[in-house]
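Below is the structure I would like to discuss, written out as structure tokens.
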Amino acid sequence: MKHATQPGRWKRTLLSTTTAAAIASAGMMGISATVQAEETFKVGLVTFLSGGASGPFGVPAAQAAETVIKAINAGELPPPYDTPGINGLQLESVVVDEAGGPTQQVEEYRNLVQRQSVNAVIGYISSGDCLAVGPVAEELRTFTIAFDCGTPRMFEELDNPTYFFRTGLDAVADNVGAARYLLDLHPDVTRVAGIQQNYAWGQDSWLDFTLSMEQLMPDADIVNNQTPQLFSGSYGSEISALQTRRPEIVHSSMWGGDMESFVSQANSRGLLGQATAILTTGESGLHRFQGQAPNGTILGGRGPFGAFMPENALSEWFNEAYEAEHGTKPSYPSSKMAQAILALKFAADNSGADGVPTSEQLASTLKGAEFESVSGTVRMALAGGHQAMQDMLYGEYHYTPGEGAELRNVRSYRGECVSAPDGQNAQEWIEAGFPGAQCD
Amino acid sequence: MTEILKTQGLSRYFGAVTAAEDINVTITQGEIVGVIGANGAGKTTFINMVTGYLPPSEGSIFFNGRPIKGLGPRKLMREGLARSFQIPQLFLELPVIDNLAIALSAAQNDHLQMLRPVRTAERLAAADDILEQMGITRYRDEMVTAMPQGARKLLDIAIAMLGNPRMLLLDEPTSGVSMEEKHALMDTVMEIVKRRSLTVLFVEHDMEIVQKYVTRVMAFASGVVIKDGPVEEVLADEQVQTLVTGKRRHTRTATEQGDV
Amino acid sequence: MLTVWAILIDGFIYASWLFLVAAGLTVIYGVMRILNMAHGSLYALGAYAAASAIGWYYAGGGSQLWMAFAILASCALLIGAISGLLIERGILRLMYGRDEILMLIVTFAILLILEDVMKLLWGTTPYFAWQPYAAMGRVEIDVLTVSGYDIMVLCLSAVIGLGLWFWLERTNTGKILRSIIHDREVSEAMGVNVRRMFTITFMIGATLGAVAGGITAPIISVVPGIGIEVIVLAFAVVVTGGLGSITGAAAGAIIVGLARATSIHTMPQFELFIIYAVMAGVLIFRPNGLFGQAIARKI
Amino acid sequence: MSLQKSEALMIAAAVAIGLAGLMSPNWLVFTTTLAVAKALVVLGVVMLMRSGLVSFGQGLFFCIGGYAVGMGGRFWGIQDALLLILLGVLASTALAMILGLLLTRYREIFFAMLTMAFSMILFGVLVKSHNLGSTDGFSVVQWSLLGWVPQSGMGVFWLALVLGLLVALFLNRFFQSSIGLACEAIRENEVRVEYMGISRRQVLYINYVLAAAIGAIGGSLTALAAGHVDPEMAYWTISGEFVFIALLGGTGHVAAAFIAAMLFALVRTYAVEFMPHTWQMILGIVLLLIILFLPKGIWSLFTRHRRTAP
């Protein structure tokens, strides 16, 4: 990380806070921090650097940010982003660990904005953190992009947002897309089971998926759903429980290490021979399974990210630059972070501001806009122009020893097909039979 | 002369081990009774049963004519039965004055009071008084950990007395105290006992002390009372000399192991 | 009927893994009266060492299962013994004689430190050493399958349990250890080098933790934070069984294992708190756990 | 009852901090608010520690206080902050009165593990409660204080200061009172306590229930300040953090918990900022150093050169 450590300040803080004068002295530091150089644009990056989500999501996202920001500052991106910096300003980043839960994150967010005086914040993988930070972003009037979190409740609970954006899809699209893919490629399936991590993400995903299945494939029975604890790592008993129900399809929204362990164990135990798995976040394991998932396993990437990125100049550049710097191809969290930073650059470049654009200028530029990204053209068409509407893609894993993994039978579903129309509750939309969905 | 403590057929077994068996004792008001016996003879077990710390396996206990079997130390303290310990049971990390203050507050049944300070002027005066009587005033504001063994024994006994008991059971009050200090300690304690006309039962290994302070002695061996009567009579007994005082065979070692 | 069989099989397999994880914890507590929270980190250290070594072996073209196991075992043993020695000599030794609960917090601090040390050493990318697990194949019973690797873990767990029992009950060192458990001061007075025995015990306990991690590595993907997830589970097992008792740890593991398997097969929604419910339930009726003993105060 | 010197100092400090808040940057006001809220839960841990018990489950009451505020506002339309806090206190007290019957029988590791188990059971229940947002939790709706709707963080800051001060003043008396000393006596020697005619369980029970109620106030204030509640509040690592802060401050004085909570918040904030990858290690090392060199917490820095304080 590039920020300078300031041992003097450290020491002073430690000493001064032991006395009742803590408030006053630390307050002065807060003021001094605001008097900083004006020719940079400071962005706070919040992502998991510790805990179970750091490996598969947090760190790849932070690495992507590093790559993209470096290229932006050097002006090395392909058009339309080939001007150095954003709106001519060098981009400076402050990276913060997302660990500690929503309350902690609200505190860190305030620190970023008020003490570190960042001009914008990009971050948040955990849905709980997004839900907690959203209102604070509005309160503090700071341009903020949620790059990954998937909860559909975010814009349902945040009335008329001005400063808060999400440049990805919510989890509803993942699961509507999954059901549509099954309808297309496995229309005769009758027994479907699931395994989800026991927390909001898993519960919501399973609910959306089963509701969609009721509409799209009413003949398929839901035979079982397992809910192992987050990060439990070993799924022996859950696999037996699934086996005793003899499913043909196993749906899972598990992510990261948990998803990879489940796949490897289920494969060794033969479950994946008995049933086909559909993994809504499976793309992050594409280059890591190394044949541990049977060919034909269905993977999603939460949109046109990672290996699902369409071929264009930006994605080509990103693939190469990321691999050159970090030794592996970018997975979807990396692409999503890149997309969020590109959104920031788009908003800044087009804000018409003289010098550092204000949050108001950034927000009004991005609202409802269309911008080029590693995932193609992104339309901020949902939640009153605050959330991206993008295609949902699924494909089948295919591994050839010696040659590596690829995706086959990739199907793309238009955003209008997998996302509820603006302002409508997603679950009600699904239960009503997807009114207004455009799937051609 | 009214009887204050009476036990009938009091026994305690630990699995196959008999710690005390068929103990029948009657103690009258104002008596000062010594208890002697080798280690493991059942003396502390007897005290533990009488004060409600250890439930007896069989038998019954009466205090002031009321059956008290099944009552715990807490209830018995309220009945007027107090004890000291072979290993002083004190609040080591609290100042001596607080050790006494909490005892006084408990004696007044005021220990659940949450807003008034425990150290009231009245309690401090009472505590200072007992410290003075025991001759340990100089430790008043020290932690108990700063006290020598003899002073701790005195503090332990002082706390027992603060509950205004009618009967006091002292478990080896002089163990761990140097030869020179022993008599001074017992003089101090016995003077207060006399002044308050308490009934006392005390366990003691030092026969000199026993002879000096008590009128009646109970000799324990292997969980049974082998002799009970006036001091001279008991100490002269052949069986007692063999099994307890060791005059006939060996001299006792001075290890201080508990009987429990 | 199929479900009953599945519950029994899963229950015992899970119990054997729980026992592996909890054994070191209970040995250390039994002798030293330290409830070692850093046990989770030792588990994670063993897992990281084994996973990276196995990954390196297979990436280099190796394909011999026995070699992989030899590497796995030696890595786990080595890292367990070394870190055990370092923790005991470097930190715990300075703290002996403190309150039991304070020692728990000391080990909590060690856990925090080791978590970041591991991140510095291994980064945050998941390590994946699935090859031995896959190579051990599976046994099929109707639609049910049992992994060969799990059966091996079951056997290993039984061997380690019996070994520990033999060590504590039948050997000279065991006798000395039991004397320390019974009365530390008297043992010291009788010439037992308690400090040396503490070092040995802690190293053995730590090694057991690392071995548990090493054995688990091929089953899971090794990521930051696995130690923290495991430690609470191990606590629940040893507290249920009775702290410091090998038999207790085994009994606790079996009860928790069967309870969890039953819940997964019949009421998957309760899985998250079944372990705590079992622990609370046992403690309500047996305040010192199944095989635990209350210590009376000397008066 | 006259005002003690330390009480006068605490009142003065609270007034000074309250005024300083007007001139301080917003983030510091927020951090201070959370630290005060956390300190209240920590005081509950300290109360238990004084009686010789370490709770690894104080997050239980922290969480109940928080959820009472969240649910009271969202589902039952209670607007007033004081009513919401009262709701949390009542809920916590009711639960503690039931759990206390059981928990006062346990000591040491068993107490720690059982408290943790109950907290984790609540965590499990909340994770399973889809209507309450599962692990995501939900946000706290707009609240008012005696009819006044605060527009910035200053409202909850002052509320936290006032409640924190009241609790501190109460506990300062409590620690010097008979029952306060009885708690310490139980820590030191239960046998003697029983022989003094004191019921250990009665004393521990009252102490436990009070600690729970105070913990709930902390949870409620956190929810009001952060505007969000989630099950993580009941997770055992949060409870571990409370124990950490309690050790950091020590059990010597009520004010220690507040200073320690503030110090912890700042150390953590700066550690997260300057060493985003190794802040846990910093916390661990700090904890070890405290246990080694300041076994009675940072408060011993203030009292080291004075013998027994009055």
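So that you can tell them apart, the chains are marked A, B, C and D in the order they are listed, and the count of residues begins at 1 in each.
Note that in this section a contact is a pair of C-beta atoms (placed from the backbone, for glycine too) under 8 Å apart; a residue touches a chain by one contact, two chains touch by 3 or more.
Everything numeric in this text was worked out from a predicted model, so none of it was measured.
Asks: Hey, which chain is the most central one here, using CA centres?
Replies: Of the chains present, the most centrally placed is D.
Asks: Average the CA atoms of each chain to get its centre, and name the chain whose centre is farthest from that of chain B.
Replies: Computed centres place A farthest from chain B.
Asks: When contacts are scored as defined above, which chain pair ends up with more C-beta pairs, C-D or A-C?
Replies: A-C
Asks: Distance from the CA centroid of chain C to that of chain D, rounded to the nearest Å?
Replies: For chain C versus chain D, the centre distance works out to 33 Å.
Asks: Where the centres are mean C-alpha positions, what is the separation of chain A from chain C, in Å?
Replies: That pair's centroid distance is 35 Å.
Asks: Can you check how far apart chain B and chain C are, centre to centre, with Cα atoms defining each centre and the answer in Å?
Replies: 48
Asks: Per the centroid of Cα atoms for each chain, what is the distance between chain A and chain B, given in Å?
Replies: 73
Asks: Touching at least two other chains at once: which residues of chain D meet that condition?
Replies: Residue numbers touching two or more other chains: 127-128, 191, 277, 279-280.
Asks: Mind pulling the residue numbers of chain B that touch at least two other chains?
Replies: Chain B, residues with two or more chain partners: 53, 85, 89.
Asks: For chain A, give me the residues that contact two or more of the other chains.
Replies: 49-50, 198
Asks: Where on chain B does chain D make contact in their complex?
Replies: The touching residues are 51, 53, 72-74, 77-78, 82-83, 85, 89-95, 98, 101-103, 105-107, 109-119, 141, 159-160, 163.
Asks: Give every residue of chain A touching chain C within the complex, in rising order.
Replies: 49-52, 54-56, 58-59, 198, 224-229, 231-234, 236-238, 240-241, 243-244, 246, 256-258, 260-261, 264-265, 267-271, 274, 288, 292
Asks: Looking at the complex, which residues from chain A come into contact with chain D?
Replies: Within the complex, chain A contacts chain D at residues 1, 3, 5-6, 10, 13-14, 17-18, 20, 22-24, 26-27, 30-31, 49-50, 94-97, 101-103, 106-108, 110-111, 113-116, 127-128, 131-132, 135-136, 140, 151, 153, 157, 198-201, 203-204, 207.
Asks: Spell out the residues on chain D that touch chain A in their complex, using ranges where they run on.
Replies: Touching chain A: residues 13, 16-17, 20-21, 23-28, 30-32, 34, 127-128, 130, 133-139, 222, 226-228, 230, 232-233, 235, 238, 259, 262-263, 265-267, 269-270, 272-277, 279-280, 298, 301 of chain D.
Asks: Across the complex, what residues on chain D touch chain C?
Replies: The contact residues of chain D facing chain C are 54, 102, 105-106, 108-110, 112-114, 116-118, 120-121, 123-125, 127-128, 190-191, 236-237, 240, 243-244, 247, 277-281, 283-285, 287-288, 291-292, 295.
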